[in-house]
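In the two assemblies presented below, subunit A is common to both, partnered first by subunit B and then by subunit C.
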Partner chain A sequence: MAQSNFDRRRINGPDESYQPIFEADEDLETKWKPGSPRKGRTARDIRPIFLKAGLMNQANGSAYIETEKTKIACAVYGPRQSKTTVYNEKGRLNVEVKFAPFSCTKRRVPIRDAEDRSVAVQIQQALNAAVRLELLPKSTIDIFVTVIENDGIEGCVAAGSVAASVALADAGIEMLGLVAACSAAVVGKEIWMDPTDEEGRVASGSLVLAGMPALGTITSVWQTGLMSPDEAIQCMEACQECCAEIHAVMAQALLENAQNT
Partner chain B sequence: MAATSTSPSSSSLSAEQDALKALTFQRLHPKTYLERFLSEDLRPDGREFDEWRDISVIVGSISTADGSALVRLGSTTVVCGVKAELAEPELDKPQDGFLVPNLDLPAICSPRFKPGPPTDEAQVLSDRLNEVLVASGIVPTSSLCIEPGKAVWVLYVDATCINYDGNAFDATLLAMVAALKNTRLPKATYYEDTKRTICSRKIMEPLPIGRLPTSFSFGIFDGTHILADPTSFEEPLLDTTISVVIDENGGLTSVMQLGLGIVGGDDVLEKCIEAAKECWRTSRNSIYGTS
Partner chain C sequence: MTSTLVSKSERAYIQASLQATPPLRGDGRGLLDFRTVLLETGVAPLANGSAKLNIGKMPHEGGGGTEVLAATKLEVEDVETGDGVDGGRIVCSVSCSPSAYPHLSSNALDELQYDLTVILQQTIGHPSLHPQNLTIIPRRKSWLLNLDVVILADSGNVVDALFMAARAALWDTKVPRTRAVEYHAPEETQTTRDSAGAMDIDQREAIPQTSGFDTREMVRTAADFELPDYWDEGEVLNGRERWPVCVTLNLLPPTHFLDATLPEEASVPLRMHLTFSFGTPNSANLQSMRLSGPGELDLNQIKAYIADGEKYARELFNALETKLREEDIRRNVKARDRFALR
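On to the complex of A and B.
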């Protein structure tokens, strides 16, 4: 551990440090117990979304999204010339996700790990089908996503895709439609939309769906954990309904930005 | 631009073309572009030479961090979060905790930066921030001791730049200080018999903040003009940068000068220090007033 953490390009702390351990009895009251209803909202409610486009003036396009505790900033640079010399008829989407060191309960050492990449791949998959890459030969579109605060990895993927899609639109890159994304989890016998980190831990399985509500198509579905085929279909249908609502929020954010500039 | 948008389409088109021409000129001849503005006693963003951009500080918005702050200096945006962890102290300093400040300039904040390990610029800035925070003794490391020789706090002060529009040093220092000021640590007790440290969420204590350093940076262009709070467009054209760090009593904490620092034959350092103090007097209440 100590070896891999040492990086002479950063200011280093002690070789080893660990998360504070808290007294065990303090967390018990807030824990969810099987069979009890969801706390704070109904099963089919998603968290309120705050979405704003064009906050960063250095980027070609940008967006910031906040769904209660989840906070994500996204910037699009490009289309720029691909670095590889190989001729490519289609453009390429390059998605890079970075978690801020303070974004999770445990401090993240500022080195790219597997989770960053898996989130990046999922966002890339959600967007790939929507962007008209055939119009941009030899180019790369860089999408940088920074997670400032993380509250559930499924919500992160969904919010990241939404932000990236709005940032792409803000950058004036041609798309077939805006990509909206939503997550759902199976908890007991119920389906809870847009689960938080805490709810994700009590869920048996979860699903993230991305699609273009304007065209009624799906661009990516990512399911993990345990759920029956019926539940999966139900989750997808519920997600699609929510995506239509999220689509309206995205369109509103883009409209507001266009009117202000 | 706003005025022309209501006029007939032909004139708005020509205005658009003029704006495009100006943009091309700025790209191709940045130095001449800036010179022409300065000869009119104005800067490209409409500021006076000694004028600062608006500063806004929001603290405590990140719940996963023990303390956090978001600072906007014009459009430069820096988020800073403090994470507290436990560690064993160094053998030769059994009572001292650790303060580990780092600034990250990721690819998201400017087209100049590429993804990957920290750039030279980020490394230099982190090092300067470390120097200022340690030199000013903002948080005495001895106050981070839980049990001498056994357990101390490590405060990781990580700042991430979201939008880079110049003068990241001032913005980051402000974010770090505000985040540290916002930090609450749980009460920790070291148990000799189990050799473990247990914390309690019921009692949260703020850090004993010693001093509040604030930095004011100036750039010197062409040996003739002193520009306060340079933007990302002005920064690469400057031949000297001067950063003056002032503490909460108006005393100097640190002065850094990179470059020659001569304007019209006289030494400019004193002028900058005076200007920084003046600016500190007018802005101190608004910056750290709340929280």
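On to the complex of A and C.
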């Protein structure tokens, strides 16, 4: 009995309705079989990166990153006075991540979700060691990351860290080095760099590594899934190499922004 | 994770003693020594599996230490209309009792709970560890395994305690045995109306053509299930050798140490959580690795930490295995013997 929808004065539609199944959708579902090579790129290729700094004038620093289907915008406000009354002799880094409701295949509620926090924690871990917080007592740096389109959560974390680092540099906050991040996945016996959402689901394990290529150090490692320690080390070495390449892209984007303004 | 307040001089004192030769710790342990770990399984009778773990309980005063209680509960889920996934799913949650963290506000407590839940869920809920016997009726009904861990007291090294208690609770979990049944409209014959009644559950034997022992067809058309034996606890959860153990290395280059107390955690905030699973006796697989805290490392250091972590995790795993088997014996064989003697 659909009491709420029943209206005696009008012609009512059916109580239950289902979405039609399109024939075209079923054809596109070509499943990846273990042992077959990666679709579209080689195993060690990362997706091409478009990175631009200084898009938002209102923020102290901002950056926009796009890697095929992952689009992330980042804005940095700060350093500004801490709202808490507790005295902290080192500055605080406050990272907030928001997924737009239309960013994933299934609509996300606009309310701040649990998954937002785990991405924020990883980005904060990546940036914490790089920013010179001891020069900013009693201050907070707010980093707001908005995910406009999400293709793989590991890719999101990596791209978010890169965007946040460029935004911090754009804001003129002192850092020890630019932080670059990259993700990798173990699929069968191969290591695929920068997995998309689909690829991440067929992987047996994945790893996100963030570090400062200029100093050769690592600030954050986040690995989940089944991997032998050797595979994990191989993933980390591959990620470090990719981070060096991403660093060049980041430096180029900041240089172009500085030359234009 | 939690911040006990340590002054700068206390922090420098602890760091200097750890880096001295020989290294000194507040309670006189070595760098790689764990405090006493007490484990008991079967503490929650209403749960399908449970365990209580305490690290560092003081023997004379009878209190203190990091105390964690883990319990698993199985629920039936509908795959077609509900949230169920074909093959079953595992959901972990960690809750921190406010009495364990009296200095944290409720928001900070929620965030801590959430962070610990993520670590546990991403490791244990990963498809590579998924047990095979969580299906009831394929594509219709499956089990949802809820693993709930409560932190009753925190005196350092809570992540290791979480994983050990989770492993023990999952080891102890028994999945009830089910049997698929099918509903049949009653035949219009005297015999069935007398024996079965109007809309009663009827077995395949009502149809004369197929043998009553042939249950292949039934699984495909099965609509529901029943428990053949109400009092039977069930079979053990599949894949129990693969559940991982976590070892937290607190990093103070050039040294590292295990099982930190609260002041040590506050003085050495950089730590690495390594979770290993030893499915077969010779192989060791990394199930999760997290670097947390302010600090940077280089790749060679990380390689060394992974190698060391594997050794420590293996010792921890062997000790935990021995204890879990002892617990099994205590609760089943010995209890039965004691009962029989009466």
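Assume the second predicted complex is superposed on the first by the 233 of 261 C-alpha atoms of A that agree within 3 Å, B and C clash if a C-alpha of one lies under 4 Å from a C-alpha of the other, contacts with A are read in each partner's own complex, and residues count from 1 in each chain.
Just so we're on the same page, a residue touches a chain if its C-beta (ideal position, glycine included) is under 8 Å from a C-beta of that chain, and two chains touch if they have at least 3 such contacts.
The structure displayed is predicted, hence computed values, not measured ones.
*Asks:* Thinking of the overlay built on chain A, is A:132 touched by subunit B (first), by subunit C (second), by both, or by neither?
*Replies:* Neither partner.
*Asks:* Does subunit C touch more residues of subunit A than subunit B does, or is it the other way round?
*Replies:* B
*Asks:* If you stack the two complexes on chain A, which partner ends up touching A:39: first (subunit B), second (subunit C), both, or neither?
*Replies:* neither
*Asks:* Mind working out whether A:237 is in touch with subunit B, subunit C, both or neither, as first, second, both or neither?
*Replies:* Second partner only.
*Asks:* Would you check which partner chain A:204 touches, where first means subunit B only, second means subunit C only, and both and neither mean what they say?
*Replies:* A:204 sits against subunit C, while subunit B stays out of touch.
*Asks:* For A:216, decide between first (touching subunit B), second (touching subunit C), both and neither.
*Replies:* The answer is second: A:216 touches subunit C but not subunit B.
*Asks:* So, does A:228 touch the first partner subunit B, the second partner subunit C, both, or neither?
*Replies:* second
*Asks:* Of all residues in subunit A, which touch subunit B in the complex?
*Replies:* Contacts found on subunit A: 7, 9-14, 16-23, 26, 55-59, 69, 71, 73-75, 77, 96, 98, 100-105, 107, 110, 142, 144-146, 148-150.
*Asks:* Name, in rising order, each residue of subunit A that touches subunit C in their complex.
*Replies:* The contact residues of subunit A facing subunit C are 114, 117-118, 121, 125, 128-130, 204-205, 207, 211-212, 215-229, 232-233, 236-237, 240.
*Asks:* Where on subunit C is subunit A touching in the complex?
*Replies:* It is residues 111, 114-115, 117-118, 122-123, 126-129, 272, 277, 283-299, 302-303, 306-307, 310 of subunit C that touch subunit A.
*Asks:* Taking the complex as given, what residues does subunit B use to touch subunit A?
*Replies:* By the definition above, subunit B touches subunit A via 61-65, 68, 75, 77, 79, 81-90, 98, 100-102, 104, 106-111, 115, 117-118, 123, 126-127, 130, 154, 156, 158, 160, 162-165, 186, 188, 196-202, 232.
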